[in-house]
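Below are two complexes that have chain A in common, paired first with chain B and then with chain C.
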Partner chain A sequence: MKNNLHLSSEVIFNSGITRGVIIDTIRRELFYIDNSFIRILELIEKDSNESFEKMVKLVPLPELHKFFDFLVENELAFYSKGPGEFKRIDTSWEIPLEVINGIIDIDTDFSFYEKALSEFEKVDCRELQIRLFSDLDLTEFQKLVTIINQYEFHYVEIHLVKNSYIPEEEIRRVIENVWFVTNILIYGSEDNKIVRVINDTGDYFQISLGTISYLKQSLKQNGCGSISQHTFTWSKDNIRENISHNSCLNGKISVDRSGYIKNCPSMAKNFGNIASVSFRDVLNNNEFRGLWLINKDKINICKFCEYRKICTDCRAYLDNPDDIYSKPLKCGYDPFTARWEDWSTNPLKLKAMSVYGLV
Partner chain B sequence: MIIIFSHQFEYSTNVVIDWLKKYNVNYIRINSDENRYKLKEIDEEKIIFCDMFTKKEYNFLDAHSVWYRRGGISDRMLLGDDILSEYETNVCDPEVKKNLASQLDYLRKYIINKVFRNCSVKLGDPELRDLNRMMLYDLAKKKGFLVPNYTVLTHTDSINCALKKHGAIVSKSIANGLYHHTLNKRYYTYTEQINEIDTIDLKPKNIFPSLVSEKIEKTFEIRSFFLIKEFYSVAIFSQNDSQTSVDYRKYNKKIPNRQEAYIIDDKTKYNLLSIYNELGLNTGSADLIIDADNNVYFLEINPVGQFGSVSSAGNYKLEKKVAQYLIHGDFN
Partner chain C sequence: MEKLTLEEKKLDELGMLPINHSRIYSNLVTDINEENKLIRYSSKYNTDLLRSGKPRKIISKTINYSLFDEE
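Then we have the complex of A and B:
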């Protein structure tokens, strides 16, 4: 009898309506299995030795052995050795920060930019996305950069529209000079390409300072929220967070292009203008924080999906714009058929797409 | 108030401080590689440092709790920029310089020692920031551990003797390993296997005293973080991969090693505890090896070892636990 089989700490699994999946979080691999084997994994997780009898009742012995071999071969599980004990880790998630990241949208009105940055600093937000929708000239761009350089963020990415006023060297210089500005994305570029910015002082050392991403697509507010296998998250911390929280909005606070404070700039609901309302007040608002707790188990369709622990989410563009628990509009996966399709050509999504101005 | 000795970019310290902020606790972080605080005055009741950014003054003896993570008190903190540059440029006589350096050392030791004795909650120990590897081997052996046999070589001829005696050998640094960058070179000391082929072209000569130890064929490695009474451990499987089977810090990017949450057995726990007790340490990071016959070998204890990776691999939330300990002297 095979016993003492342990599931790796780096492996999680999940059942779906049609199939189950084993997720190797470190090696970034997915293994699809029949849901009956998810039951086996649950038993292994409990105690493989004691529950062996139960396993045999669920799956015929030869198949069970084949499954064990498959797990061991792929190092998803191993037979315990050594004098100690392997333990399954708990999946609770907790961090000391209240705000995790933020978004500022800027179009033609720059007046609230500084106020917004100082509000982000006050609530100790370290990661920021700044989206600049209008055609900036060089002086305007430099001014925005000078202002942000007076703050201490840990990570900032800037989304820009390609124009002829801001030369490429200038963009590179921002990444070189402001240590926390790490990625700059330029929309409306001729090609899709990513250029790394490294500190090139002739040292043996080359430290990567960030990247400039050139994207053909245009910068649109409603361009956010697409879900695909490429947007899955693999970090164990993010996965633990996803299990209990919304994988996009948890810890997020945003300012839209008119200065309104929102969960994300694309959401309809605002919680007052930054001119008169502080982030602190908004963070104490139950309705604002309620969205942070909409995990995939609460979302229609997603709750049946085998990808729900690693999938990102979007609460701004929904299959049913009137139901905050409905599936993300921009997901083309159907857990009931286990097939990916192009969401944007799905006739059932047309109505919602027109609500959001996506057609 | 809590005093934390660390370095500027030390990640675990950052996270612990985030927790302290969340709990609204006052703290002072002293980075030895930064010149934020400057000594103002000392007498029987106080040790006053001035925060050069805010111009606020702090009596280090107001602290109830202290954590020695890394670093300490730099010359710059004691002297200030002006005296430091005077001291560095104007004092030329090596004897005078040596004497002034020792004056500073005594002052530094006095401050840290007094702060530690004054605090009711202490974590880590500045006096024990690095332990003597060979003395530690002997201590571990005394406390019931298996320890790899070792030899200190002083001549090329003895390399082959050591190979014969131990089967396979690996190099170790006697003191702390080197971790040093210059403009065009990086120096690291890794644990490296020494093979007979490495010795073929060696001319017989005296060499710098070099520690080698018997290579233990491991099933897996254990890194175990000790905090007050508890051990938080991960098992690292690096065996299947020749790139990492000698030293797992040479991280394999393609197929990462598995890191598994692990509970060390009672005997190992007991042995480690009695080492920590004898050293008078209440925290540290131990490396162990499990061989094919389930024997536990002791490799080392690093009193200021990183614990971030153990914490995240086992979801142990160690940074939070450290913060709670610093605040309450307990985990609740």
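Then we have the complex of A and C:
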């Protein structure tokens, strides 16, 4: 090699059982390649003097040059004059938070709502999802919003069931006035659409304060956990987290509609009721934290999948409900055939679906 | 977020700019007063915080994201 070839810092790659994939995290593009070229990418990443000789042993020289041209054309890699100029960025993951996000489910019982918010604030949880399963009237909704406004979060999204008591103006007002509430989702709507709450700034580029998402689907406890290409993550920070941790449960605490503390509200196992147990006690529980460390390399079938670094996970609905290391039930991808299919029509999943009340 | 404008440049058009990429995404200038409304001082963290439009990662997967393009 005349010049040194370097992979862009925004590019990651991964091998699967049938094929490999190069992921451009900035442009959100995937490039499928043969697994032998994944080995070439590993050698490029190593950037040692012997790398090129090893590459030629793996792939014929004309093919190798074609591959280099492909990388450069797609801006996945670039040449530099001197060796060692561009070191790869460390892929280890750390975050100065113990709890990353939380979920509060509320049905008709609001009694634990304030206690839950206070517990989330105590453990410095910054991102929160509040799911309201019952038909609230305007006064109840305003009360819930007034209470949350007394706390300090970075991001809050509210999931609501559509009803005639809460007008759209009120929902818009919440996004405009409650600084950290930026997304409100309304289930059971007539259409699927997203309405942006925007301040009109004349000729300037419009700044979105948040969104109201209208969804035809109904808000159901067992409606969670669907995995598709649309739930892939493209953030380098999340990808680093996924490599060593569970992409859904890591740093998550949830309170279900009866006030029980869980990893996820859809899971059966609880760690006590919020009325008597603090989040601090639960965070000290090894069983609770153990699920945070189930990464895709430990999950059956997922460990053979080329998407495992960018995919999200679900431990609540499993192909085999008795095996915590089983593949997510609501994933329709088969890495052995490299095909996406509708998971809900797969006859092999019927037994598990009946266990979770999905049929 | 509003859609960004995509500009494709040939590498020689970029001259001596210290960048390696020829595809550049850009948007129009925003109103600084409106932008400031997205920033709030937090006494808890003793710093200014920027309002988050999206969570750091998907909190739960209740939504069929395929219904919304590019969301």
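Criterion: the second predicted complex is superposed on the first by the 342 of 359 C-alpha atoms of A that agree within 3 Å, B and C clash if a C-alpha of one lies under 4 Å from a C-alpha of the other, contacts with A are read in each partner's own complex, and residues count from 1 in each chain.
The criterion applied here is as follows: contacts are C-beta pairs under 8 Å (C-beta built on N, C-alpha and C of every residue); 3 or more make two chains touch, one makes a residue touch a chain.
Treat the numbers as computed from the prediction; the structure is a model and nothing was measured.
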First (chain B), second (chain C), both or neither touched by A:N346: neither
Broader residue contact with chain A after superposition on the shared chain, chain B or chain C: C
Partner chain in contact with A:Q142 - chain B first, chain C second, else both or neither: neither
Partner chain(s) touched by A:R27 [first = chain B, second = chain C, both, neither]: both
Contacts of A:S9 with chain B and chain C, given as first, second, both or neither: first
Which of chain B and chain C A:S92 touches, first, second, both or neither: first
Touching partner for A:K236 - first (chain B), second (chain C), both, neither: first
Which superposed partner A:E75 touches (first chain B, second chain C, both, neither): both
Touched partner set for A:S278, first chain B, second chain C, both or neither: neither
Overlapping contact positions on chain A, where the chain C interface meets the chain B interface: 8, 27, 75, 78, 204-205, 237
Complex interface listing, chain A residues touching chain B: 6, 8-10, 26-27, 75, 78, 81-92, 94-98, 124, 203-205, 236-237, 240
Residues on chain A engaged by chain C in the complex (per definition of touch): 8, 27, 75, 78, 100-101, 103, 127-129, 131, 152, 154-155, 157, 159, 179-180, 182-183, 185, 192, 194, 199, 201-202, 204-211, 213, 215, 217, 219-220, 223-228, 230-231, 233, 235, 237-238, 241, 247-248, 252, 264, 312, 314, 330
Complex contacts: residues of chain B adjacent to chain A: 15, 18-19, 21-22, 181, 183-186, 219-220, 222, 233-235, 237, 255-256, 258-265, 267-268, 290, 294, 296, 312-315, 317, 319-320, 323
Residues of chain C touching chain A in the complex: 1-2, 20-23, 27-31, 34-35, 37-38, 40, 42, 44, 49, 51-68, 71
